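The structure that follows is given in the form of C-alpha cells.
Note that the chains take the letters A, B, C and D in the order they are written out, and that residue 1 is the start of every chain.
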Amino acid sequence: MFRFEENKCYRMPAHFGGFDCPGPDAALYYRDAVSVSFTYATDKDRLEGQFILVVWENKTAPILGGREETGIPKIYADIEDLHTIKPNYYTTASHEGNTFLRLEMLGAKPVEGQLLADAQASAAKINALGWRYIPKVGSPGADLSQPILYPQSAEIHNSWAGSGTVKWVQLSWEQNPMQWHIIKALAELPMLEMSPAIMAKGIVILKPNNGRVLE
Amino acid sequence: MFRFEENKCYRMPAHFGGFDCPGPDAALYYRDAVSVSFTYATDKDRLEGQFILVVWENKTAPILGGREETGIPKIYADIEDLHTIKPNYYTTASHEGNTFLRLEMLGAKPVEGQLLADAQASAAKINALGWRYIPKVGSPGADLSQPILYPQSAEIHNSWAGSGTVKWVQLSWEQNPMQWHIIKALAELPMLEMSPAIMAKGIVILKPNNGRVLE
Amino acid sequence: MFRFEENKCYRMPAHFGGFDCPGPDAALYYRDAVSVSFTYATDKDRLEGQFILVVWENKTAPILGGREETGIPKIYADIEDLHTIKPNYYTTASHEGNTFLRLEMLGAKPVEGQLLADAQASAAKINALGWRYIPKVGSPGADLSQPILYPQSAEIHNSWAGSGTVKWVQLSWEQNPMQWHIIKALAELPMLEMSPAIMAKGIVILKPNNGRVLE
Amino acid sequence: MFRFEENKCYRMPAHFGGFDCPGPDAALYYRDAVSVSFTYATDKDRLEGQFILVVWENKTAPILGGREETGIPKIYADIEDLHTIKPNYYTTASHEGNTFLRLEMLGAKPVEGQLLADAQASAAKINALGWRYIPKVGSPGADLSQPILYPQSAEIHNSWAGSGTVKWVQLSWEQNPMQWHIIKALAELPMLEMSPAIMAKGIVILKPNNGRVLE
C-alpha cells in the first residue's frame, strides 16, 4: 500500500511517489528571460515591502507550485509574446479571448553605466512576500493562512528604458467570473505618476527550498 | 487595512476580498457535457471506491479549485476536442506538444432501455475520493494531508457504447519534468481486460460546499 | 522526377502527391455544429446575395482550403467556445490577445413550428458567393480575380431565438497589422436595426466539388 | 461600388481595400530570430538548390502570405518554444495534440572564427525556391502552377553547434487527414548521415516584392 516516505518531498497527486527534496542551494534558472516592468505610484500604498498582489502567468505547472509551495498568488492569463516594432514593444493579457490589460513600451533606449549597475544590484535579491491561503473544505475559513517570504534573484545582462503605458479593461462577471473583481480593483487604482518602463534581459534564479513562513 | 471577514469564503489571492460562501444546495452545472469513459481491469487494484488517481484538465481555474478546495489531484494537459468520424471518436492528451495518451472509441452504437437506465442510476451519485496534500514551505512533510469525499452527480441524457483503445506514450523527464512519473506509472499498468468505451451526453452537477474531510 | 498526374487533385505542397478528386456528390459533414447568427441592417447594403465579406475561423487548414479552392475570404482569429449561462450565450473573437468582437445572445427561447420549418427550408441551400484573389508575384495586380459560387447546405435540428448584441472593438495597426482595416470598416457600419440572434444546432454539409467560377 | 485601384496591391478579402505595394527595397525584419537547423543526407536527393519541400509554421497570417504570394508551401503545426536545459535544446511539432516530429540538439558549443564567418556569408543570401499551385475550382487541374524564386537573407549574430537527432512519428489518416502523407514521405526518407545541428541567433530579412516567377 502507499506510504509517505520520510524526508521525501511530494506534490499533489502525492500517491505517485515523492522526490528528493531540493537542498538549500538547489536552483531553477529561467535563462533568456525578458522582463518588462511598468511602475506607477498610486494612493492606496499602505503596504510595505514587495507584497505580491497578484501574478498572472500563462502556464499551469508554475502556477500550482507558486500557490501551493510559496504562497505566490498566481492565476492564469493568456499573455502574448512581446511584439517588437523597434524601438517599441507591446503585449496584452487576456482571459478566454477577453483583453483586460494592454502594455506598451515606446522609444526604448539602452540603460548603461551607473543606472545599469544600480538595476543589477537591486535585482540581485528580491524579497517576494506572498500569502498562502488554503480554505477549509465545505465551510468558511482557512486551513492555512500564512505570510511567506520567498527570496528570489535575477542577473540583468542588458536593460532598456522607455515610456510606458498601462491600459486596464474592466470585464463583467460573465466574461471572467474568477478574476473580474481583481481586475476591477487594480483598474480603479489611480495612476498618479508613471515611471519609465524598464526592459531587462538576463537570468531569473529561483531557490524553491528557500521560502519560509513568517511568524 | 485588509481583514478577513468572518463567514466569507476566500480564494488565493485572498486580499482582493471574499465572497458569500455557497450554501449546501448551491450547484455548478456543466451543461452540454460529453464524457467518454475508457475502463480496463488491471492487477494493481488494491484500492476500493472511486479514489481519483489523477485528473488531467485543460483549464487552469478549475484545476486550482479542484486541488485547493476538494483535493482532486488535477494537473494540466492539452486535451483535444472530440474528433468525430462517425461512428468513431478520437481524442489525445498532450503536454507542450508531446502526446502521452491517445483514446479511440470505434463503432459507437446507442445504449438504450435497461442499460441506459442503469447508467443513469449509477451516475446520479458519484462519490469522488480525493487526497488534499499541501506541502510544508521549505522543508519536507505536509501542512495538510487529508482524504476528502466530494460527492458529484450527473444526468445522462443519451449514451453510446463502442470498442475502446487506450494508448499511453511514455515521455522522458526532459519532455515533461512534472508529470513523466505519473504517465510512466499509468502506462506500466497491465490492461488485463478492456470494457466497452461509453460515451454519455448530459449535465454534470457539482456542489462545491458538499465536500468534507474524512476522519 | 515528380510529375502531375492527370485527373488527380492537388493542394500545395503538390509535390507530395495528389488525391482522387471528390465526385459531385462527395460531401464533408460538420456534425454537432452550433451556429449563432447575429443580423443587423446597415446603410451600406449595395450588395445582393450572400456575398461573403470576410470569415474569421480558428483553424488554419479550412482557411487555406476556403481561400484557395473556393474564394471564401477566410482569415484567422481566436474564437472562444460558446460560454453558456442559461439562457444566455457569449463568445468573443480576438487576435493575439486583442479582443475585437464580443457577441452576446440573451434570453434564448426555442424556435418551433412554422418558424423552425422556415429556418430549416432556408438553410437547405445557401448560395455563398466568394471572390478568389491571388496576387501577381512581385508586382501589382492579380493572377486570379474571379467570383465563385459555392453552394452549401445545413440541416437544422433545433433552433433558439434571443436578443443579440454585437460589440466591435477597433484595433490599432500595431495590434493587428493584417486585419485592422477590415475590423475598422465593419465597426464603422451603422447598426440601424438589430434582428433577433438565432442559435441553431444541426449539421453543415459542404460539397467541395460543387463550387464554380461565375463568368 | 468597389473597384480595384491600379497600382495598388491586394490580399483576400480584397474588397476592404488595397495598400501601397512594397517597393523593391521594402523589407520585413524578424528580429531576435532563433533558428535551429537539422541537416541530414538521404538517398532521394534528386533536387538541386533550396527547393522548399514543406514549411510548418505556427501562425496563420504568414502561412497565407507565403502560399499565395510566393509559393512557399507552408502548412500549420503547433511548434513548441525552444526548451532549454543547457547545453541541450528541445522542440516538437504537433498537430491537434498528435506529435509528429521531435527535435533535439545536445551539447551545444559556440561556433566561432572562420566557421562563424562562413555561416554568416552563406546566410547572407538564401535562394528559396517555391512552387505556387492554385487548383481549378470544382475540377482537376491547376489555375496556377509555377516555380517561384524568393530570395531571403539573414544576419547571424551568434551560432552554436551540437549533435542533432530528428525523430519522425507517423500519423494515421484519422489523426491528420491533410498532412499524414507529407509526414509519411519525410519519415520514410533514410537518414544516411547526420550533420551537426546548428543554432543561430540573429535577424531574418524578407523582401516581399523580390519574389519572381521562373520561366
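The working rule: contacts are C-beta pairs under 8 Å (C-beta built on N, C-alpha and C of every residue); 3 or more make two chains touch, one makes a residue touch a chain.
Owing to the predicted nature of the structure, the values given are computational and were not obtained by experimental measurement.
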Find out how few touching-chain steps suffice to connect chain B with chain D.
1
Numbering shared by both copies at the chain B-chain A contact, with half separating same from different
same
I'd like the Å distance between the centres of chain A and chain B, where a centre is the mean of that chain's Cα atoms.
28
Approximately how many whole Å separate the CA-defined centres of chain B and chain C?
35
Which residue numbers or ranges of chain C touch two or more of the other chains?
none
If each chain is a node and each touching pair an edge, is that a line, ring, star, complete or other?
complete
Residue numbers of chain B touching chain D in their complex, please.
78-80, 83, 85, 88, 90-94, 96-99, 102, 174-175
Can you check the complex and tell me which residues of chain A touch chain B?
1, 4, 6-17, 21, 46, 53-54, 60-61, 63-64, 67-71, 73, 75-76, 131-135, 137-145, 148, 178, 181-182, 185, 209-213
So in the complex, which bits of chain A are touching chain D?
31-32, 84, 86
